[in-house]
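Pasting a structure here, questions to come.
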Amino acid sequence: MKLDRSLIALAALAVALMLPLVIEDSYSRHILIIVFIYAIVAASWDLSLGYAGVFNFAHMAFFGVGVYATAMTAKLLGVDPWFAMLLGGVAAAAAAALVALPVVRLQGIYVVLVTFAFSQLILQVVISQSDLTGGTQGLVRVPTLELPGYNFLRDYKLGYYYVALGLLVITTICLRALVRSDFGMSIQALRDNEDYGVARGIPIAWQRLKVLVFSAFFAGVAGGFYAVYLRVASPEVFSFATSSLVLSMVLVGGVSTIYGPILAAVVLTIASEALANIDGLAEGRFMLVAVAMIVGLRYLPGGLISAFTRTGRGRVSPAQVMPPKTE
Amino acid sequence: MMTAEALGTILVSGLVLGSIYALMASGLSLVWSTLGIFNFAHGTLMTLGAYVAWSLTDNAAGLGLSPIAGLLLTIPIMVLVGAAMEWLVVRPFYGHRAMMLITVMTTLAATVFIGKGIQLIWGARLKQLEPLVAGKITILGTTISAQELLIILLAPVLLAALWAFLRWSATGRGIRAVGQNPYAAKLIGINVPRLFIITFALSATLAGLTGVLISSVRLITPMLGDEPLIKALIIVIFGGLGSLAGTIWAAYLIGIAEAFLIYTIGIYWAPSLIFILLILVLLLRPQGLFGKVVR
Amino acid sequence: MTDALRIEGLRAGYDDFDVLEGMSLHVGAGERVGLFGPNGHGKTTLLNAISATLARREGVVSFFGDRIDRARPQEIVVRGLIHVAQANSLFPDMEIMETLELAAWTPRARADKVANLDKVLTLFPRLAERRRQQAKTLSGGERQMLSIGVGLMCAPRMLMLDEPTLGLSPKLKDELADAIGAISAGGTPLLLVEQDIAFVLALVDRMYLVDHGTITREIDRGGSVDHQEIMDMYFGTETAP
């Protein structure tokens, strides 16, 4: 059960560590790096959406905040890129705290609407402050990671690969620890039966705020890495299409599982990139993603990972994540 | 402090905005009240309506029909699109415990699908729709186009027609009944799934019409409906999700507020301030300004 | 003569579990039948299963000889089998008159709308007095009357009533009993679900006892009701001193 999944995860990690020995071209490694980045974002989204049952639709905006915070501090303020990544996480966490204020006391659809509006607001702000953010063009020539004696740029992305993988591993470990902690238990309790949890003294608003902040932090760091790796920050990160892609990783992968979204990130990113190379499907692939999401929700409510694990502690379908609609 | 002319400008542009928002938000509110879901694709449906009308009326690349014919023909097309969407994206999840969240995601997916489809079919270049009426008029010391005046006059008429439909027609009553108590509606023989599809098609038509009206005063882009959707979102929260009247009032209020803010603090900061206003309202009154308390 | 309603081996429930475990009963044409039992034992589920407002059900259900176990809720109403649910099944923001007129929804009901409206308002004068009031502002008794009125506006060939007296004062219960009696006196078969044993006994020709999703006893008029048996059903048999 638990052991099963951890073993498989370790095996996957071992494979991932050794892949660059077999895969040596920049492009394939690039795809994998993008996989790792999306995996971090999707897995951390699962924390707030799946485990806490908070219909958080601002998560991609937090990622975007990380991207821009890192890009701006590294490029405009000359902050060391490593530190800038961390700042990206902090900035995202701060944004989450800001959103959390109105959201934690709201119910159901209002959470969706407010977080969604918030994400669009961030987009507006980014576009409008073009002096700082480059507006619709974005920021380019963002400084990249440096290590004494090692040149990240000349090694066919090997360095980036391991940094991205490292971030994913750290994120996964942290998320799993969080979920198993008292904190994790309490947010799941609140998700499953809010009234009971509140009656037992769980401070609901505070817990929700923490969940949003934690999950945003990881997304922000991923965004920071995205910025120093691609060396670009553009408003594309806020687009519906990107949000849908990552959201579908969470849903298709399996809500409330951590590993599910990671698995789905692998599958969907590779599929998405593969489709992008087919003539005429560069934009159209998002349409396929959309269809996949709808079909997935219809026929695989437990997510991809439910096909692999027969018993699933924490294998929760979206149906169980929220309370039934009262009429 | 402010000149009468300035006030006039604000009021008039506020009314134009408010009219557009009211039409748009009423479609959203209708779907929410009746089906209990929030249709995130409402924005792209607006965009689609604009493009369809363009294809019908453009003299160079389209069918070259008159603006009125284009507007009228857009209606049955949007009805079909709305019905198809309900059937594909909402109906499979009826009765699901998490229907609301799932349909948020499926309508989001539909948004991407339709949005990208629009890009592929019509391309990203800006387009223009011929207005229904031409010329300029001066009111309250402000000059606006005749088309904008038409919008200000047409919107209340359409909204009144919607209200009358809901209040007095058999189907309209059925729609309201389903919204108030779907179980009781079934017990008196109302075909609830059929009413769902009718409501959704009606909402899509309202969205499409709004899109046509918007594009008669602004340029058409594939992103036409994105920004109004956010406003619609804010409006239905302000006005209270379950209340059509509240939504309409809120729409005009926000339209005027936005016009005021654009005039005073500029177009870049206006959206942010409206959002902050929304947060404040929600903190004090979680059910919106006019709405009923909703779980 | 064909039975108005015939049920055999009905299983139904919610999500993963069954509430009804193979129920069988029948209501003859023109007959008045009661259904009695404690809460949670499946009485409402039974009515929901018959009117198809429950997704999951298996078994045979016939209405005047026609199979309806695969029918959709609106089709069942069209045939004239009307389920009057517990009083929360009204439209909160609609006025009384509006509600009654709306209830004549099916073509058959529309045909008799004027006549039925007259009947309902005569039967329940209080509804006529408050015709412009919204349902959510009505008292419990008035809501009950409106619910039954709604059922009548559907032009029923048979009525199923779910606990019409729930929460009502004895005086109101008497009024309601008279009204129901008047309705069934016209020959409309009746399935009456109730917890108030006296109320049921006064109105029906036959009664079923429901226990844990099945019928445990059938009692004919003239047969005696064993009060001890009823007590046992409600309070369990561990009442030994």
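Observations on the structure shown:
Letters A, B and C mark the chains in the order given here, with residues in each chain numbered from 1 onward.
As a working rule, a residue touches a chain if its C-beta (ideal position, glycine included) is under 8 Å from a C-beta of that chain, and two chains touch if they have at least 3 such contacts.
Everything quoted here is computed from the prediction, not taken from an experiment.
Arrangement of the chains shown, judged by which pairs touch: a linear chain-to-chain path with two open ends. The chain pair with more C-beta contacts between its two chains, of A-B and B-C, is A-B. At the far end from chain A, in terms of centres built from Cα atoms, lies C.
Of all chains shown, the one whose average CA position lies nearest the global CA mean is B.
The distance from the centre of chain A to the centre of chain C, with each centre set as the mean of the Cα atoms, comes to 53 Å.
If you average the Cα atoms of chain A and of chain B, the two centres end up 31 Å apart. With centres set at the average Cα position, the gap from chain B to chain C is 43 Å. For chain A, residues touching at least two other chains: there are none.
The set of chain B residues touching two or more other chains comprises 181, 183.
Within the complex formed with chain B, the residues of chain A that make contact are 55, 57, 101-102, 105-110, 112-114, 116-118, 120-121, 124-125, 128-129, 240-241, 243-244, 247-248, 251, 283-284, 286-287, 289-291, 293-294, 297-298, 317-322, 324-327. Put simply, chain B touches chain A in their complex at residues 32, 36, 38, 40, 88-89, 92-93, 96-102, 104-106, 108-113, 115-117, 119-120, 181-183, 226-227, 230, 233-234, 236-237, 241, 268-269, 271-272, 275, 278-279, 282-283, 286, 294-295.
By the touch rule above, chain B contacts chain C in their complex via residues 95, 170, 173-174, 176-177, 180-181, 183-192.
Interface residues of chain C, counted against chain B in their complex, comprise 51, 53, 55, 72-74, 77-78, 82-85, 89-94, 98, 102-103, 105-106, 109, 150, 153-154.
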